[in-house]
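Each in structure tokens, the structures are laid out below.
Shared chain: chain A. Partners: chain B in the first complex, chain C in the second.
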Partner chain A sequence: MPGRWRGPAVALGFLLPALVFLGVWIVYPAIRTIIRSFYDRDGTKFIWIDNYKSIFSTPTITTAIKNNAIWVLVVPAMVTAIGLVFAVLTERVSWRLAFRTVVFMPMAVSLFAAGVIWRIMDQQDPTRGALNAGLQVVHDEFSPPGNLQGASPSETTLTGSAKTGFVLKTPLKPGGVALLGLTGIAPEAVPKGAQQAAAPTPSSNQIGGVVWRDFKPGGGTPGKVESGELGLPGVSVSLKDANGNGAGSATSGPNGAFNFDGVKPGDYHVEIGAANFRAPFAGVSWLGTKLITPSLIIAYIWVWAGFAMVVIAAGLAAIPRDTLEAARTDGATEMQVFRRVTVPLLAPVLTVVFITMLINVLKVFDIVLAVAPGSSQASANVIALAMWRTAFGGVNDFGVGSAIAVFLFVLVLPILLLNVRRFKREA
Partner chain B sequence: MTAVAADAVVLRPPDTVASRILRIVAKAPVHLVLVFIGVLWLVPTLGLLATSLLAPSSFNSFGWWKILSKPSLATWKNYHDIFQNGPITHSLSTTAQIAIGGTVLPILVAALAAYALAWLEFPGRDWLFIAVIAMLVVPLQMALIPIFSIYNKLGIFDTVLSLVLFHTAFGLPFAIFLLRNFFVGIPRDILESARIDGSSEARIFLRLILPLGLPAIASLAIFQFLWTWNDLIVALTFGRTTQPITVAIFSQLGEFGSNIEIIAPAAFVSLAIPLAVFFAFQRYFVQGLLAGSVK
Partner chain C sequence: MGKHRLLLAGALTCALAGVVAVSSAGGAHKQRGVSGKISIIAKWTGDEQTAFEAVLGPFKTANPGVDISYQGAGDNTPQIVATAIAGGNPPDIATMPQPGTMADFAKKGSLKSIAFAKADIAKHYTSFWVQLGTVNGKLYGLFFKGSQKSTVWYNVKQFKNAGVKPPSTWPQFLKVAKTIRASGEKAYSIGGADGWTLTDLFENIYLRSAGAAKYNLLSKHKIKWTDASVKTALKLMAQVVGDTGNIPGGKSGALQTDFNTSVSNVFSNSPKAAMVIEGDFVPGVVASSNPLKAITGYNVFDFPSINGSKPTSVGGGDIVTLLKDTPAGRALIKYLATPQAATIWAKRGGYSSPNKDVKPSAYKDPLQRKAAAGLVKAAVFDMSDLQPASFGATAGQGEWKLFQDFVNNPKNVNGITAQLEAAAAKAYKK
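Presenting the complex of A and B:
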């Protein structure tokens, strides 16, 4: 072998396996896909850009493009910001390794398994879905569920609805008694400690009343407090004067009786507040068609925040301490140091994280299949998934499938060129 | 000496104790916030673990966080069952085969190419490396359809081999990029003196480059292993009966509620192995991540 070609020949020997793999599995198929995207579904007829037109006219695919746009706008920025905050917060904490390990851990797990995890977290029923169970605690703190859910008046003298509360139509004067009969309360739903209902006997400056379960085995007579009918304790009732202004409030006792004291002469209405009928927290429908993309994004951020944190933390560690100290000695506050010194110095690292996330988000696939139930799959669609479904998942149209793949490739093309340019500058 | 020490003892303590307490108090909110976030990040995975231990009847009426209630709702039955479940154990072994093949092969191929790109002279070297960098971000969707046809023609569709070959090709750009950048950093003197001693390039590669490149190869191995173990889309496209665990779980997802006693433990087993790898080799994982975070 002539000496001049010996070097390149040896090099070729080293490179050959890689060239075969890259050529056969990436370069050739990529070119084939571009050509294929101009042919019809059977691959026999050249149809120019019709496949590309159908990308933008097929609703499932346009939904995918819109959703992916949301992903692109939200996720890279959020992940980078969260990673930055975590990295900075942990920088001077002694147990940062433990924290970083915990946050970083989901990175090792498949996006698909992470999806299964969030499918369990996101269940709607607050007794099963942890996310809604957490929200329920907060929700009940501010607006606890009422103890008269599903109850309705036994007589038409009580008007209104469970949403607005019920008002006794008959006006009362001081000394009057309000009979507030309710039905539709299951025996086990009667509040604990309820006793035989009894109407009070108010004095001349009081208005009294009783709120009770106007039903007993056999029915009983509506509107009449009878033996065997239970009072409803703990019901909050309020008194309104002729102008509709509040004139007092009371809570019923074990026998359902209540009294408003010190009532001035005039006409009054008694009202059972809506809070008594409030339904319990039903849970947010995280996996429903409306919130599915935000839910997926939460799961995705849970996976990727650790990546951003670790890369940014490494960048942070590389910033010379002196620079930060100098700024502090010059009297800069921590916030100023962060915004004017740390972030600008970290800019290259933040850019790398942002771009990495941009590519990841354009290719998002597994997590959608795992988290979204069948009923919300269409609303959760993304480009990579639309490509797969079109080509392999039922539609089996290789023409449009190829066109979507090329569309995806065009979207990552600017990043590809950016990477190449960055390498050329460094080399 | 003793006098100085005594002085120091007298002068320093009030200052340090006070300032230390002050510092701890000042930083308490940060610690609290971090503990809160840490718990938030841990809960979902614990949720899967707890769910995987619930009997199907309990899943429908209790949240997984009630698992420790008395009497305990935890049972090993689900795990006992999935290890008796033929398709699941078969898919676990398939996953292992794909992951091992899909780790070893690309590292071998990439190490050879990376050595050539780092230390051998040949025309067009820089252009080839630029092409590799460009291929880093090419979506694998660009290859699915033609490879599907090729595999069908060659009759290797739905085999472990076909999946390993695909993972190898799409793992290569990152692997070559990472290893080439590491190999370039090996001191020139070591290579030059080996060449002067008359070692062949093959010998240099085996005796010098591979041992010296071990840290980078370790990082890469972890990445490739996790990436192939965790794959869904490739196996979903080129496999039918050749099902890794992700695809096996996916096929159960249609009836999430009624198959939870299979889905949850299978998902936990599928993530326990990557997690073990992650905890065992966390250092290499992070190094690889920092070296190659352009993918």
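Presenting the complex of A and C:
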């Protein structure tokens, strides 16, 4: 080999393996994707930019672009801010290693697995989802569910709603009996100690009544106390006179019977109070179409906050102590030290975190697929998911799919260039 | 693709073919049956793969010269097959999840006609299944595994507590649901997070309220989605999905429950709902975790009749297709069309065969037997499977999304039909 070729040949020899790998797995697919994006669904007809036009005319894809914009605006800033706060606050506490390990832990879980965890935590049913279970405890403290939750009148003689309570439509005179039949109560929900329902026989200065589960297998006859139907004990009922003023209250016994004593002549209404029917906490619909994107963002921040914290903490450790001391000696408060000294000195690190998150967020995919149930995936759509759905997830349109991929690439490109230039400058 | 690579691939293929030719020439005289290599890419994985391999057993014994390689590809089978075709290396045999997908492949020329087996298939299958496997007058597909989608599964204990019996008509069905609600339980478990459960419900209602003829027209988009018959069916559907007090978790519960959870909601010792409306594959979903026994714990009834409609059912199934026309491939297709092959899987459970000559006694589970009997007589095929996938089978768009929107607002019949029509028109134009 002639001498002047030896240098380049050796260089090429060393570079060749990397070049081959990059060529086969990066350059060729990229070029192929760009070409493919100008062809139709079957890949046979050249259709110029029609695929790109259809990106902006397909509602599911435009939703994806809007959602991605929200992600870009919120997530990098939040992750950087939270990471900074954690790093600074834990810098001088003795248990910082433990704290940082815990915050960093989600990074050790794959993003998809993290998504599955959040999918379960976000369940609406408080018996399934941890978030709603927590909220339920608070909710029930202030507004405990009634003992007749979910119940409704068996007949139209009772009017009202679960929110207002139910009133017997026909007025009663002393000596009358109120039949308050309710359905929609599961056998397990009937209080223990309940006995066969029985209507009382009130005397002439009493108004009596019975509140009972007006259901037996097959339905039974609504409005009639039949054998096999249990009374509902512990239900608070009240008596209202013709003017709607309270005229007495009572609580039903084991057979569902109750009596109002010392009732003066006149017309009265019997009422089951709304408190009995207060519904249990139904749960926040974290995974519904309205809250899905915020829920996803929370999950994503949960995963990435640890990364930001660790990187920023490393940057923090590298800040010269004497600069901070000098500021303190000059009489700066801790807040001023943080804002005027620490943050500017950390700026390069913060930029790295911010840009890394920006690129990550533009490509966000797996957490959306894992957390969002099918019914809200259209509302949660992001560009990378739209690309995958279009190309592989049933539509099988590689033309439009490639066009979305190129579109995403074009979005990421300026940030990448920025990053490369920064690296060069620092080097 | 570069010319050189093609040449290289060609050379390799020739070399391989030579090797195969030599080896088969050596053994062909001694062996009975066919010989050669068969590669299969199919949907069946896990237990289903084991079952299918058991099905292949007798074929291998009868044809010892055949070397079968099997790849279970799950729901991504069409993508993997398409990639294999594009790479110039198609499998000999592949399964297709829907007739619509099969037609796409056939029209591109990727499939070989299986007309050679038409006599065998016509002997064991009703003309309904033969027609479904036919594209432009040529037979391409054999329905090896079917599913019967006109069944309602229920929790026996909850039916007993409410004192109700399985209904056979729509008004009875609604009354049963009302009685269950009065007993303090919820009647319907809806797995609406998966859009296909909703399209299946709609298809069952539409088949019974509009009839098979209209059903087939709608599945080809020969009548519009704004047709009065669609609106009637949606109004009937609203009586179920709009009865939110009767669904665990109400409206958002219906939309956020996936299919598997909707099944375990019913198949449980402390059930959250009494009925789940889906096909014969329902018990299979909870096979490993089902605390209930068939008949005493859970049971099934046929989807109720609407306005006196005759017993009928919506069928679905996996289609076996041929991509390379070889003697071995032909022999395997013919073998899979026999009742013997189907019986092997039927005996193992989790399977219904559209093959009418599989004896009912082959199904060990009486409920499976019942479902299979319905399948043989299926009148229509799953509509969303006949439509272009972008309309009938993609999460977050087309039918799946619009039926979810309908559950969210069951009063909006006119709005939804207009949107369905617009989406269908777009999908069929492509």
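In this text, the second predicted complex is superposed on the first by the 284 of 427 C-alpha atoms of A that agree within 3 Å, B and C clash if a C-alpha of one lies under 4 Å from a C-alpha of the other, contacts with A are read in each partner's own complex, and residues count from 1 in each chain.
Rule of thumb we're sticking to: a contact is a pair of C-beta atoms (placed from the backbone, for glycine too) under 8 Å apart; a residue touches a chain by one contact, two chains touch by 3 or more.
None of the values given here were measured: they were computed from a predicted structure.
In the superposed pair of complexes, A:R389 makes contact with chain C only, with no contact to chain B. In the superposition on chain A, contact of A:G374 is made with both chain B and chain C. Of the two partner chains placed around the shared chain by superposition, chain B is the only one that A:L416 touches, whereas chain C remains out of contact.
Within the superposed three-chain model, A:V311 lies in touch with chain B and out of touch with chain C [touch as defined at top]. Once chain A of one complex is fitted onto chain A of the other, the partner contacts of A:S161 are absent, as it touches neither chain B nor chain C. Once chain A of one complex is fitted onto chain A of the other, the partner contacts of A:R41 are limited to chain C, with no touch recorded for chain B. Contacts of A:T323 after superposition: neither chain B nor chain C is touched. Between chain B and chain C, it is B that contacts the larger number of residues in chain A. Look at A:G401: by the touch rule set out above, it reaches chain B but stays clear of chain C.
Touching of chain A by both chain B and chain C, each in its own complex, is seen for residues 373-374, 392. Across the complex, chain A is touched by residues 76, 78-79, 82, 108, 160-164, 179, 181-185, 192-195, 248-250, 252-253, 255-256, 258, 389-390, 393-397, 400-401, 404, 407-408, 430 of chain C. Taken together, the chain A residues at the contact with chain B in this complex read 7-8, 10-12, 14-15, 17-19, 21-22, 24-30, 32-33, 36, 86, 89-90, 93, 98-99, 101-103, 105-114, 116-121, 127-130, 133, 302, 305, 307, 310-311, 314, 352-353, 355-356, 359, 362-363, 365-366, 369-370, 373-374, 384, 387-388, 391-392, 398, 401-402, 404-406, 408-409, 412, 415-416, 419-420, 423-424, 427.
Residue ranges of chain B in contact with chain A, taken from their complex: 27, 30-31, 33-34, 37-38, 41-45, 47-48, 51, 59-65, 108-110, 112-113, 115-117, 120-123, 125-126, 128-139, 141-148, 150, 165-166, 168-170, 172-173, 176, 201, 205, 226, 229-233, 236-237, 246, 249-250, 253-254, 256, 263-264, 267, 270-271, 274-275, 277-278, 282, 285-286, 289-290, 293-295. By the touch rule above, chain A contacts chain C in their complex via residues 41-42, 60, 123-125, 150-151, 154, 183-187, 189, 213, 215-219, 282-283, 285, 287-289, 373-378, 381, 389, 392-397.
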